[in-house]
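Letters A, B, C and D name the chains as they come in the text, with residue numbers starting at 1 for each one.
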Amino acid sequence: MRIRLRLARPCNQLRGSVTLSYDDLCRRTRERDRSLREKVMSLDEAAALVPDGASIGIGGSTLSRTPLAMVWALIRAGRRDLVCARGISSSEGELLFASGASRHLITSWFSLGIVWGVSRIMRAYTETGRARFEEWSHLAMGLRFRAGAMGLPFLPMRSMLGSDVLTQLPDARVIDCPFTGEKLVLVPALNPDFALIHVQRCDAYGNAQIDGLPFMDLDLALAANRVILTTERIVSNDQIRRRPDQTKIPFLAVDAVIEVPFGCAPHECYGAYEPLFDHLNHYAAALKPDAEQGIRDYLARYFYEPASWTDYLDRIGLAELIDAARRGKSIYDD
Amino acid sequence: MRIRLRLARPCNQLRGSVTLSYDDLCRRTRERDRSLREKVMSLDEAAALVPDGASIGIGGSTLSRTPLAMVWALIRAGRRDLVCARGISSSEGELLFASGASRHLITSWFSLGIVWGVSRIMRAYTETGRARFEEWSHLAMGLRFRAGAMGLPFLPMRSMLGSDVLTQLPDARVIDCPFTGEKLVLVPALNPDFALIHVQRCDAYGNAQIDGLPFMDLDLALAANRVILTTERIVSNDQIRRRPDQTKIPFLAVDAVIEVPFGCAPHECYGAYEPLFDHLNHYAAALKPDAEQGIRDYLARYFYEPASWTDYLDRIGLAELIDAARRGKSIYDD
Amino acid sequence: MMTDSARYTASELLAVMSARLLQDGQVVFAGVGIPLLAASLAQRLHAPGLTILFEGGTIGAYVEPGQLPPSTNEQRCTRRANMVLGSTDVLLLLQRGYVDVGFMGGAQIDQYGNLNSSYIGLPERPTTRLPGTGGGNDIASLTQMIVAMKHEKRRFVERVDFVTSPGFLAGGNSRREVGLSAGGMFRVVTDLGLLGFDESSKRMTVLALHPGVTAAEVQANTGFELLVLSDLPVTDPPSNDELAMLRHLDPDHLYTA
Amino acid sequence: MMTDSARYTASELLAVMSARLLQDGQVVFAGVGIPLLAASLAQRLHAPGLTILFEGGTIGAYVEPGQLPPSTNEQRCTRRANMVLGSTDVLLLLQRGYVDVGFMGGAQIDQYGNLNSSYIGLPERPTTRLPGTGGGNDIASLTQMIVAMKHEKRRFVERVDFVTSPGFLAGGNSRREVGLSAGGMFRVVTDLGLLGFDESSKRMTVLALHPGVTAAEVQANTGFELLVLSDLPVTDPPSNDELAMLRHLDPDHLYTA
């Protein structure tokens, strides 16, 4: 019933991407506490920082380094109307739509991946107008975060020209280059209220190291107004300072640090664990007969019922975690 | 006599930064051999790749990771009219001016550093109009390389507005932002014909790892039309492939690889050696009584006379190299 | 589905035929599925110096047999790669001109090589919402394209419902006129034959037929009128070596079901 | 040169007085020389949570005593730092608004806080070519500035020959009108006193005098008319603790000659 009521406000009129004035951008940043301080908290405490309606940049890509524990915590906390943005979206997008936490996802691609086929939840929600999948090219998503990270209102690019993707995007502009006369697309900065990013390790201040594929996370961290980091483990600041050139996200951009082992499960965390394929198959199978009923049942069993993230992992099963970790670490084998 | 003759062509009319059309940029790149192939050669062979009048981006900054061995090889090869660009320039700029290899340096700052004072060679050459020091802000230099690396004709920025630095730069434009109405400076891409970059290690294909401060070298490598890498040591491709997330410059951008231990001396190479302070003091002292005669003598003794780079290092002296290496490696001590 | 010869599936045929288009020393930007597999096949057989890029952020990939990734964003894509970098940065290599050929699958294509992976029906209320462009638009906008797809009438349409990834748009010079001065459609590989595009009109053209396929059959499975090369060659069937390596790479038929 | 008290040099006075302006928890972008030294002094004394950024690409620096770098681009700047990154990227943190205060030395300043480090005389044929902006223009354009410099008439001029790093340009709202909506000159620390800028006219104003200095002396060493705060306070002289820590950091007087 609750979801139906919300349909009164068409989802394509939800607050989308607004290009902040430089004064507003700087004021928001100035108001943040950017000092060197401990920021360790629980998933619940971090979820409480995020209000309904906030815009959220989600780190990782597809099945990789997805900040799933934080998405889980926001859904459990009953968040609504989050405007979410991610380079490429996967099952976390389905769960955000189906839980009612979001009705607006800004991304370049939204499905389950070659093994499991087109997302039936994405289709069900977008084809009935219950949620919006705002489509930009992958490079456009990246440059929108990068413009946000650079403190710029836009960045130019050379793709999307001539396509219908561009005609659906009133926020993008086409200009004639003042230097060469060539046509360029200008994409507006994306400065989400919050970034959710999962990393392999960081210190209590939020100095984060990322192994393997960084995706758009470095830009996203600097673009967002607040950064919530989940991490496989918290290490000492001394360890960070021994190799400062391995720090990929600076503490001064970070507002919350939560230690969550297996924090991407059932997605992967580079070098720590590969995707939990059996659980992903189980999830896909659960959605097969009736996608909407299937995902409601899945949300109940894995999101609302567990007492804790560890309980969630326990329901996934120890055998799978061990197997995924073995496969994950094997990336460093000869 | 030779230098005097060249004065007929005023140095402020030397070919500066031209914004390439996208067709030209792509054609130049398409013509390069970007395949996985061995590129190991000598300093002399690499110097022979660079014609007179070429534009050159120089990696590192101030006294750090300066590709000095390659600068040394170009000066020895008698190159003329190189248009050089570097974020911040130091003694390598003096040597390029005084040797006649360059009469045009595009940079944000050009001197010797707080310990040795204002560059007398820079002053002598620019104040008499014998050479040009084209001044952009440090961020502008970085964004010009970045635009070049991104395949863009320009990038926007928010500094330089209202300053006289900007009024000296007809190649930069001020626009009203189409999104916010704010004033922005557009700086044109810098795509030098060659980049000279020194790294701690790379493989024979040019996959390069950089420790410590990267400066603008990653953008420079992708902005340039050809990249000449000097490296402290060449490692196997297998070693690179074990940690692909440590590769900072991809082989497909690289055209030459030269193994040159102590290739930045007397400047520093992060983690390998600190600046050779005694030699830098010796250099500064040699230029004190009469800067132009002093640097000519220095060039003779250290650039033209040595039979090889090792001979050059030998003239600097083993004791200093050992001391600088001890200090360099100490960055990893607790 | 087995083809006439029953020696290989249509997907295997697709993988082998498109692998043959890749040349040693090229830089190819490959999507997941048949493109990834075909590029790996080429790399293992005739093009050991082929440099494979993935959108997830990989340069010089060397995917391990039997360890195929579920997308191009997982660590399996980086095993024995030369470099791992941000996804924005790897896409920017396309814009910088470093890539010789983009290589993707396609859901729907039209006579000018435009691809649709976004909407069947109107965008405001589609009958089917597809997964979207991903990097498809960027790749197709910025470099020469090879597309590998099943040859079906519903996929080869006169005009796509929605141009997600631009081919030659309305044909002729229209691609260049909108500002896309680099790249364009190069080849479409299907389970029936090999297709290209007419140099001036930019209309899709049959360049070769796979063994046992007729030009009439190709036309019958296409929703618009094809140009046909006079003196149409027939491709060599997949060799035993090609099929053996293909099955070694994808023993579970993850991409070649 | 020793000041009246003979307990400290003018450079040491400058370092101590400017260190006092930095607050715990702030993010400061510091240039080499007195700024680097003063920021390190503040970090060791009253502001342990001060985050120091260097243009060479360092976040959260913690420079070691006696190991002062020759510029902000050497590995000494990164010892025990929290993060090392590209110089373009560290400068972009200014543009993104992450920095509370920029802190530089100055060669020549005018009544509106404009700095010149480029040319004495005309740019086309200068009598003295100076080293240039470096990051100075970027820092001064994008964040609140503290400048530390010797108080000499030839350095404090009515109008700089060349605006390398913008202060308040022609005063009033002129800085904002050219498009510089963030930052501006905050303080100028000299060996004679502490100066700020009038809120509406943006003219340089004496805010405090160092021990033993008179307002008349400050004016006499300035090439334009200064505004003077009524009821001018006198700063506390450098304490023994401050001087001891300063000399511990720079035992060779590399920056405080």
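Going forward, a contact is a pair of C-beta atoms (placed from the backbone, for glycine too) under 8 Å apart; a residue touches a chain by one contact, two chains touch by 3 or more.
Remember, predicted model here, so these are calculated numbers, not experimental data.
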Result of counting contacting C-beta pairs for A-C and B-C, higher pair: A-C
Chain of greatest Cα-centre distance to chain C: D
Whole-Å separation of chain centres (CA-atom averages), chain A against chain D: 41
Centre-of-Cα separation between chain C and chain A, whole angstrom: 29
Shared interface positions of chain B, touching two or more other chains: 22, 151-152, 157-158, 182, 184, 212-214, 245
Chain D, residues touching no fewer than two other chains: 58, 78, 84-85, 92, 95, 181-182
Touch-based graph of the chains, sorted into line, ring, star, complete or other: other
Every chain pair in contact, whichever chains are involved: A-B, A-C, A-D, B-C, B-D
In the complex, chain B residues that touch chain D: 61-64, 87-88, 107-111, 113-115, 118-119, 122-123, 126-127, 129, 133, 135-140, 142-143, 145-146, 157-165, 168, 174, 182-184, 212-216, 218-219, 268, 270-271, 274-275, 277, 328, 331
Sites on chain B touched by chain C in the complex: 22-23, 25-26, 28-30, 33-37, 149-152, 205, 207, 222, 237, 240-241, 244-245, 247, 250-253
Footprint of chain B on chain A - complex, ascending: 19-22, 151-158, 173, 175, 177-180, 182, 184, 186, 188, 211-214, 242, 245, 332, 334
Partner chain A, residues of chain C touching it in the complex: 32-33, 55-58, 70-71, 73-79, 84-88, 91-92, 94-95, 118, 123, 125-138, 141-142, 162-166, 169, 174-175, 178-182, 254-255
Chain A partner contacts - residues on chain D that touch it in the complex: 24-27, 49, 51, 58-60, 62, 78, 80-85, 92-93, 95-98, 100, 181-182
